[in-house]
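Note that subunit A is present in both complexes that follow, paired respectively with subunit B and with subunit C.
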Partner chain A sequence: MIGERNLWANKLTLDLKFFMLLCGLIALVPLLELTPYTLGILIISFYFALIAMGWNLLAGFTGQFSMAPAAFAMIGGYTAALLNYHFGLSLWVGIPSAVLVSALLGFLVGSTVLGLKGPYLSLTTLALAEVARVVISNSHDYTRGDQGLNVPTLMQSRMGYYYLFLGILIGAALLIYSLMRSRYGGFLLAIRDDAHGAQSRGIPIVKYKLMAFIVSSSISGFAGCLYGTFTELVSPEMGLIQQTGIIISMVVIGGIGSLTGPLMGALIVYLGSEWLRSVGNIQMIVFALTVIIFARFFRTGLWGLFLKLYFYLFSDKKR
Partner chain B sequence: MTHPIIKVDSISKRFGGNQAVDRVSIDIPQGSILGLIGPNGSGKTTVLNMLSGELTPDEGSIFLGDMNITGESPSRLVQLGVTRMFQMTKVFVRLSAIDNLLIAGQALGLNQAECHERADQLIKELTLQPVQYLDAGQLSGGQKKLLEFGMCFMVPPKVALLDEPFAAVHPIMRQTMSQFIKDRHQKGQTFLLVSHDMPIIKELCEESVCMNAGKIIAKGKTKQVLDTAEVIEAYLGGDHV
Partner chain C sequence: MGLFYALMAVGLSMIFGILRIVNFAHGEFFMIGAYVYALSAMKMGLNPWFALVFAGAAGALLGVVVEKLLMRPLYDGYQSWSIVKDEYAVVVTFALSLLLIHLVDKVVGPSPFLGPSLVSTKRIALGPLMLNGQKIIAAGVSVFVLIGLALFIKKSVWGRQIQAVAQNRFGASLAGIDPVKTTALIFAISGLLAALSGALMAPIMNPSPDVGSFPALKSFIIVVLGGMGSIWGSMAAAILLGVMESFFAVYVSYDYRDTFGLMVLIAVLLFRPQGLAGRKGRET
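And now, the complex of A and B:
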């Protein structure tokens, strides 16, 4: 008997608990005396996890399969970088501006694709993302093109960045949790399952789709900006379609439509890709095959498999 | 004559060269169960689509009480009290049955406590207790129909537009649904019922409207409408008249 655990509110709360548990374990990892290189790899996987969480809000919870998460991260990074490069503005202005500009562009992209769904929505967002990347790449006078732009750093300590990113991941999870636990979360899920049906129940779908676009792009923009301060460089490569592909694989492998899935997926995919790099440059082949296997056989991803195991061990047996 | 809660004034809708609905006027009296019948392709669902805001009439007007609601969006119309059950069931398949009801209540401004209270009541009334925690996608076709039916009544609407609610539904569930309609009707609820199921139309609807080829061919007391030669011809063909 599946019982009350299948209620959305209960599923989400359990999800958040596991997310926090995972973050608690991640917080202990630096006790293993990691090299700066390994710390850097972990920090970059957190960056991807943050974008993956933002994209998951839009695609996993709202059913809007955007192909522009990496482009929004690039835009966030460039906003802070351009404000610093041209106007000498500090990150205290740059970071909020990055979030605001990403939110505004999220609103514009969201408005553009409102009437679209499925492959049409994906292709339009992909086209808009490519336009943004090519414009940045070709505007040498303003952006220095493919050379990229320097960004001031928030701190020199990698350990500091490790815990900063981890704290922000927790903050993002709490934000998404609060949103999804509220009535608005229910509306987003209804739109995901049947937008027309949601509208016929009285849900103003335009408003909530736009809201999801804005929040998702803000999270991506924020992630991109922080990543820029960590690497002290932003470049058009941040917005490459391959980056979006990696983000989507992280969510699909980790578990779409969950809080913990994108974090699990980001850690496994990014750390796995670093490991596979030493084996030979076969990481994209491995991830492509993994995505196919998960999409075909395990649609709920690792998080779904983990939940099945959890309920088998701790819940169903007792009933 | 009871004041109509919905007044449809000469609406028309054309799709390319096909005149789907041609100057149709219908009054739905407050507190009535009005049947809307007609053979396939007669324009019933198109009329319903215009009433629920899915389509905007090319001509004519629709009034809810004194308010002109022609061309309002579906979500606005639900907020105004015009709810719709679809022929092709629309439930949120990856959410539990009870979550479906909660979302329908929240969309209409109920708070959490009210939502839970009404959802529990509807689950009980519609005998969905055994499946209330299952994802809606796992329910049988009939259970999905019952669930969507329940979602229409999380907040009692001014008018419930029901498009083939009994199609492909098990007789016991059909009984549950028709009893529910009768009970609500006793309390003054207004329904527009589209169905091919003549026994149920006879049982529930005192008055009916019959459409064919986009036009109204008969209206009035259900029994009289069903006995009209034009209606019999429309359903069974000329040889049976």
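And now, the complex of A and C:
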């Protein structure tokens, strides 16, 4: 047992190293003199990567398939926007309170729904996400409905946002890594692999599921709030089910239950869909087909394939 | 409205209730049914009644293909931890739903033959009366199909096999029933029902590639409200939900009418997981 745990921990460390390597490469990309448009696309794919990492903590490491990550991003974005719009509070109040509100909502939602299992959990979170979106788009008096709300921006420079998002991604990866290497990470894995077993060994499973849910929803809320300040607009469209679908697909393609997977998935899916859009409007078809193929045949995603290749080369050298 | 949703919800109930698979692509079966019906009736000049049968057959075929290609790993000794059973189904059917929507959008969507005006003339072709006539005929067909289905499940050998698999998959296989074949049959019936309701609704609501998502959500609510795997529960819940939603829209809030059903869904899942008529699912 201890050996296996160590093996998994080694894998995770390797995962983190590659994550850092990838981030290092990404940090060098702006040296290529990109157009502001391309830079914007990269920033938005970082936004998705951040939510995908948060969702992956819940789904990949804990095995709880929430369908609400995009809704939490929307809530985070709206918290900052509403505080600014109605009370004129600056973003330095808005951003922390966005994280706080999404954590609080994560706690409320989580403590209600996490007793449910499997498809029931997915359905309930899906329904809650839809309710939240409809409420926001219908409360014209407070949120201006589908028109969306303007948000002040942190800075004008896209380069600044690029490195801000990159830094936050690294921070989130370190947070998730240290969480997963700690005792609690072991509990989460146990819940994913065998909930009954974990419960009978005395792990309060709902409590730890709730913890993962709160961390995951605050990451989503933080991402949504930053995205709002970058685009200077929040709208109910951020919480569409399709957005959640895109996030889930990113994680599945990149590799569920890993650190590098969501980032790779987000970059590939978002950049790929932008590229396919220019080819012809086939991005959704290609993209849905890819997800099905990955989920059906390569369950560990790109990261799993990469890991296989890596171990193959690595063990060859040893011999 | 309730009756149309009932036809679809029963189809979903077969998959969700018996196999415990959440099929997010159910609404797209509905959409495919509507398209096959509209296209075959208008472009190939088929008799509308014949087109209806055609649409149903297409739905059944789609159900079988989906089951064969995508659902097999769910019960063929699926061991890998990376995506556990339910989650695999959620991801795959979600992607399938996106795929079907955009495929139809790409292939048929731009076609001028599917203008809403052409579709609305269809209602005269099928029903001798106006919109109401079409609705009455659709309701009649729905009732007819539902009764036929109930008899099929109660009386026929295949129907009894479905019942056996629903009760105990392993036990059924010991008794010489092939659970894989039965599952394919369940998917076929489910696809058939969804496509039929799509075809029946096609003249009433203009088919567009994303037409299925709304009825699909409704039928999830109905299945949960009615109780898993209970056909009568689903039918009662469909009518109940239709009535309650209208009341809610009139007396409480029109803007929020669509959230009402979702709140019902949440409440039922939290407080009465067995729904109106279903038995509480056994822990497996």
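The rule we apply is simple: the second predicted complex is superposed on the first by the 310 of 319 C-alpha atoms of A that agree within 3 Å, B and C clash if a C-alpha of one lies under 4 Å from a C-alpha of the other, contacts with A are read in each partner's own complex, and residues count from 1 in each chain.
Note that in this section contacts are C-beta pairs under 8 Å (C-beta built on N, C-alpha and C of every residue); 3 or more make two chains touch, one makes a residue touch a chain.
Treat the numbers as computed from the prediction; the structure is a model and nothing was measured.
By the touch criterion defined above, A:308 reaches neither subunit B nor subunit C.
Once the two complexes are overlaid on the shared chain, A:190 sits against subunit B while remaining clear of subunit C. With both structures placed on the common chain, the touch criterion links A:245 to subunit C but leaves subunit B unconnected.
After overlaying the two complexes on the shared chain, residue contacts for A:86 are found with neither subunit B nor subunit C.
Of the two partner chains, neither subunit B nor subunit C is touched by A:17. By the document's definition of touching, of the two partners only subunit B reaches A:204; subunit C does not.
Legend: residue contacts after superposition of the two complexes on their common chain; A:277 is shown touching neither subunit B nor subunit C. Between subunit B and subunit C, C touches the greater number of residues of subunit A. In the superposed pair of complexes, A:8 makes contact with subunit B only, with no contact to subunit C. Judged by the document's definition of touching, subunit A residues 192-193, 257 lie at the interface with subunit B and also at the interface with subunit C. Touching subunit A in their complex are the following residues of subunit B: 52, 54, 73-75, 78-79, 84, 86, 90-96, 98-99, 102-104, 106-108, 133-135, 151. Residue ranges of subunit C in contact with subunit A, taken from their complex: 16, 20-22, 69-70, 73, 80-92, 94-96, 98-99, 101-103, 106, 217, 220, 224, 255-256, 258-259, 262-263, 265-266, 269-270, 273.
Put simply, subunit A touches subunit B in their complex at residues 2-8, 183, 186-187, 189-190, 192-194, 196-205, 257.
Contact residues of subunit A toward subunit C in the complex are 59, 63, 65, 67, 112-113, 116, 118-120, 122-124, 127-128, 130-131, 134-135, 138, 192-193, 242, 245, 248-249, 252, 256-257, 281-282, 284-285, 287-289, 291-292, 295-296, 299-300, 304.
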